[in-house]
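I am attaching a structure below and will ask some questions about it afterwards.
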Amino acid sequence: MTAKTTTAGVAYDVHGDMSETDRRDAAMKGFVREFGAIAAAHMESCVRCGMCANACHFYVATGEPAYTPINKLRPFEQAYHRHAGPFAPIYRMLGIVPSVTVEKLEEWQRLIFDACTLCGRCTLACPMGIDIAELIKEARHGMYKAGLIPERLQLMDRTTKAWGSPATPAEDFADIINEAGEEFGVTMNVDLPKADYLVTVAPAELSEHTKALADVAKIMNRMGLSWTYHSEGFEASNIGYLNGDTELQEKMTRRIIDTAIKIGAKTLVLPECGHAYGAARWEAARWYGGDIPVRVIHMTEFLQEAVNSGKIKLNKIDATASFHDPCQLVRRGGVTKAPRDVLGKLGVTVKELQNHGSLGVCCGGGGGVVSNVRADPIRFKAFELKRREVEDAGADRFVTACGQCRITLTLGAKHFNWNKKVESLLELVADNLAD
Amino acid sequence: MDLLDFARGPALYFALAVFALGTLWRLLGILLLPWGLIRSPAREGSPSPFSSALKGIVVKLWPHKEFMAGGFFTFINGYIFHLGLAIVVFLFVPHILFIKNLFGISWPGLPSNVIYAVGVITAVSLIAAIANRMTSPVLRLISRVDDYISWVMTFLPVLTGLLAVSHLGARYETLIALHILSVAAFFVWFPFGKLMHAFLFVFSRAMTGVRFGHRGAQL
Amino acid sequence: MSDRQTVGDILAQRGVSRRAILKYAAWLASAMALPPSASKAIAQSLAAARRQSVVWLSFQECTGCTESLTRSFSPSLEEMIFNLISLDYHETLMAVSGHAAEEARLKAMEENKGKYVVVVDGSVPLKDDGVYSANAGKTNLQTLQETAKDALAIISVGTCAAYGGIPGARPNPTGAVSVGEIIKDKPVINIPGCPPIAEAIAGTVAYLVTFGKVPDLDHLGRPKAFFGDTIHDRCYRRPFYDKGLFAKSFDDEGARNGWCLYEVGCKGPVTYNACATLKWNGGVSFPIQSGHGCIGCSEPHFWDKGSFYQPLSTAMPGMGAGIAAGAAAGVALGAGAAWLARRRQVAYSQQTSKKEGA
Amino acid sequence: METDGQATAPGSALALILVREIGQALAAFAESGEPAAIDLRGLPMSDADREELLAWLGDGEIAATLAVAGRSEIRETRFTGVWWVRHFGTDDRIAAERIEIASVPDILIADMADVTAAAARFDDELAELSIPPSMEEAEHV
C-alpha cells in the first residue's frame, strides 16, 4: 500500500499494482454491477435540497459542506449516469457525463470511507426517500475493486482472508473460548457437533471484551439451551460488508450460515455487533444466493426473548440509564424495543437521549471508521455530539448493545477525559441474573 | 401562423411528445434494471410490502422534528412553492380546461384572484429557493446545472403566467403565447432533469419504505 | 365630383350648423380617444377641410362590411360622414354601372391624384393569375394596384381585406391575401372585424379627413383608438372571470346568470376590438352580451384557430398521434437503455470472475 | 347655487375618481379660466357608476335641449361651471357623453360663421318683405 495525498492535500491510500486506466475501469465495473432498479431510482431522485446534511453527524459536528451525505456519492452517481442510467448511451455519445477520473476517486476515498459510518440517518432525512447509506455501501464495492480503500480496512481484509477473522486465527479460537471460560468460571461449549443455537462472536470479544464470551455462555447455560461456539464459523463481524470486498462478504456470510446448517442449529445468535446484524440478518440471503434455513437473531433479541419468556430472572438495578442506539441494529435493523424491554426487566428507568431510537445519532465509529485512524479527528468531533446528549439526559449509566459503538465511545471518552463508562447490555444482564 | 398559434399547436405537440417519450424512457430505463429481490426473511409481524410502500410514500411527506433545526427553511419554503404550484397548475380554470381537453377529466377551480395571489406567493417562494441555493455553502456544493435549469423552467411559467394575467410588458396574446411556450419548455426539460422527481419520488420512497418495513425499522 | 369647397361651405349650403360639426367633433374625439378638449379644434379643421375623395373597392367579400357601415347609419349625426367624403366609386352603392362606373373611378383618381383614399373590402386572390375574382375585365389584383398607385392611403375594411379572412382560410383555394400583402409603398390602415364596427370605419375616415394623416396603429395596422384593448379587458362579464364563475354550457345556470363565457370558447382575451364598449346595432348589444363568446373575428386567421367553442387555454386539436408516437419511442428507448445496462452488468461480472478465477 | 351637503358620497371607485378629477378641473378653471372636458364614453362605466356620479353632481340652474343633428342635452350641475353634456344620434342612442368645465359649453354659443349666414339669410328674407310684391303677383311668378 502507498499513502498519498491529492493535490488538494486530501490523504488517500492506494493498493495493488494497476495502471490508472485499469484502476478506473475496475472501479467503474464494480460500480456498474450495483445499479439495480432500486439504486437507480434512488440515484435519479435527488433534488439537491440538502436536507441530508442536517442528519449527518460529521456535517453537524464540523460544518464542512463536503460531508453532506449526497455529496459523498458524486463519483458513484457519475458512473451511474455514464454507464447504466436511462440516458447513459446519449451521455457517453455526447460526452455530457465524462468518465470518472482516478483523481476524483482518490479525493472521494475520504468521503466514502472516513466520513461515512453507513449509519443511515440521512436516509431518514431525505424527503425523496433515497437510501443514501445503502448507496454509499454499494459505492465502496467499486472502491475496493480499484484498490482505493483506507489502509486499515485493507489490513483487516488481508487478516480476515488469512484467519477467517480480523482478530485471531481460527485455530486459536477454541483456546480463547476455553481460557475465557476458565477466567470467568463458566462452562463453555465449543465445536459441539450438534446444537440448537450457534453463537457467534465479534472481534473485540476475542481481545478486549472476552468477558462477553463468558456472559453469553452463562445465560445460555442458565436457560439450559443446547448451544455451542464453533471454530469453523465464529466470526460474525463481516469486514467485507464494511470495506466493499463483496467476495469476502459472501465468504464470511457462508461460513457462519453453513456452520449453523452443519450442526443442525435452528438459531444463529449474533454477538453485540451492529453491522453483523446488517450482514447476517438482512443481507445474508443476497450473498448466500437464496433462503437462509436458519433463524438469525441479534444478542439483544436473544436477551429480549430470554427475559420476556421468563426463562431467566433478573435482579433489579435501581438506576437510571441512557441507551445508545446502534445504527445497524436500531435504525437500519428495526430492533428498537428489545433493548428497552431488557432494561425495563432490569428495573432500569431509561432516560432517553435527545435523539434516540431510529433517530439516534451515530457513535461516529461505525462502518469501519473506528478502525480507520485517519478519521480520528472528525470522529472525536462527532463524539462530542453524543457526549452532550448523554450529559443532558443525566442518567446514572450509559448502555449500548454494539461492541463497535462501545469501543468508539470509550475511545472518545478517554480522549476527552470523560469519566462515563460505556456498558454492554449483555454484560448487564449476565451480571444481574437472579437465582 | 402567429406566436400564440405556434405555442398552442406545434410547440405544445412537440413538448408533450418529448415529455411522453422522455418520461417513459427514463422510468423504464430505471425500472427494467434488475431488482435484486433475493431477501432475507421479513421481521415477524412486519406489514405487507404494499402497505410498507404506501407508508414510505406518506411518511416522507413530513420531516422528523430532529431535522427541522437545519432544514426548516428548506422544508417550509419547499412546501410553499410545491403547494403554490399545485394550486396554480391544477385549480386555475384555464389550466383545468387544458387538462380536460387532453384527458377529458375536470374539476372545479378557484377564483382567478385567488390564483393570482397564490401565483405571486409561489414566485416569491421560488426566488427565495434559488437565493438559498446560491448562498448556502452546502447547496452550492451539491448543486448542478440541472438544478438551475430546472429552476428556470419552473419559474418561467409562473412569471409569464403572472405577467399574462396582469398584462405587464407586452400584449396579452404575446404574453400568453410566451406562457404556453415556457410550459412547453418545462415539459421538454421535465424528463431529463430533476423535475422528474415528481414521478420518481413515488418509486424512490416506496422502495425505501419496503426495505424498512421488511426490517421492521421506522422510516 | 371634385369639390373645391370646404366641408363647412357644403354643410352651410345644406343648412347644417357649426353646432352640428362641433357635436360631430365631440363624437369623433370620444370615438378616437382624443383629448375631449380637442373637439373645438377638430371642428374648426373639419369645417376648413376639403371633402375627401374616396374610392371603395370590393373584392372577395360578402358585402357585410358595407352593410355594417350603411345599415347602422340613420340620418343625423352619423350621416355626417357622407358630408365629409365624396364617395366617388362604390359598386354596391353607386347609381351608375358598367363603363360609366369605371369612368367615375378613373376620373376621381385623375382629379385627386395623390389625395384620394382607397377603401377595400374583401381579399385579393392571387392563385392562377387571380382569375377567381375580377370585374370590368380586370382581376382584383390589377384593379387594386392601379387604384392604389396614386392614393393617399388605403383602408382595409373587414378581416378579409385586412388579413385574408374567410377566403384565405385553409385550404385557401383562391390563394387569397390581404391588401397589406400587396401594397407595400402606401400607408395601409386595417379595420378588421367580420364585419367591422361602423364607428371604427367612420371614425378612421373622419380622422383622416380632419388631420390629413394616419391615426396611431398597432403592430397589425389597426387604429389603436378602436383596437387598443381586448374584448376581455372591457367586458362587462370580466368580474365573473376574476371570481372564477363560468358558464359551462350555453344553457346552464351559469349561462343564465350571465357568467363568463371563457369555458365555452370565448376568444375575448386575445381579441382586440371595441365591441364591448361601442357595441352593435346602435349600442344595443354585442355577442357576449347576447350570450355567445367572442369568436375573435378581428384577429388574423380567426377561422383557422380551432373550434369557436374550444377554450382558449387548450392545445389545438391533433396532438394524440404525436404523443402516442413519443410514448412508444419512450418505451422502446427505456427498454433498450435498460437492456444495454444489463448487458454491461453481465459482461462486467463475467470479466471480473474470470480474472479472479484465473 | 344649490348646496346640498346631504348628498351621499359615490360608493363606486370609478365615480369617486371622476368626482376628484372634476373637482381639480373646476378649481383650475376658477383660478385660470382654463376650461376642461372629461369624456365619459371612453371609460368602462356601468349604469350604477353613471347614476352615482349623476346623483352626486345633482341639478343646477340651466337645462337645455338642442335639436342639432339629433338631440343633445346639456345640464348644469349643482356646481356652477360643471356641465353634463350628452349628444344623441337618432334612436336616442348616446354618441358622446362628457363633463365640461366651462362658463358655457361651446356648442351653446352661436358660431360667427352661422351668425353671418343667418344675418345674410335675414337680410334676404327682409328684402323680400320690404320690396312688397303683392301676394297675387307673387302667385303669378
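Residue numbering begins at 1 within each chain, and the chains themselves are lettered A, B, C and D in the order written.
The criterion applied here is as follows: a contact is a pair of C-beta atoms (placed from the backbone, for glycine too) under 8 Å apart; a residue touches a chain by one contact, two chains touch by 3 or more.
On a predicted model such as this, the values are computed, not experimentally measured, just so you know.
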Which two chains share the largest set of C-beta contact pairs: A-B
Chain closest to the assembly centre - both centres taken as Cα means: B
Whole-Å gap separating chain A and chain C, where each centre is the average of the chain's CA atoms: 77
Whole-Å gap between the CA centroids of chain A and chain D: 97
Chain B and chain C: spacing of chain centres that average the CA atoms, whole Å: 41
Chain C-chain D separation of Cα centroids, rounded to whole Å: 35
In chain D, residues with contacts to at least two other chains: none
Shared-contact residues (touching 2 or more other chains) in chain A: 35, 84-87
Set of chain B residues in contact with two or more other chains: 25-34
In the complex with chain C, residue positions of chain B that touch it: 1-2, 4-5, 8-9, 12-14, 16-34, 93-95, 97-98, 100-102, 109-114, 167, 172-173, 176
In the complex, chain D residues that touch chain C: 35-39, 41-42, 44, 46, 66, 68-70, 72, 85, 87-91, 93-98, 100, 106-107, 111, 113-114, 117
Interface residues, chain A side, partner chain C - complex: 29-30, 32-33, 35, 83-89, 145, 247
For the chain A and chain B complex, residues of the former touching the latter: 35-38, 40-42, 44-51, 53-55, 59-60, 65-66, 68, 70-71, 84-87, 123-131, 134, 281-286, 289-292, 296, 330-336, 355, 357-359
Residues on chain C engaged by chain A in the complex (per definition of touch): 333-334, 337-338, 340-341, 344-345, 348-349, 351-352, 356
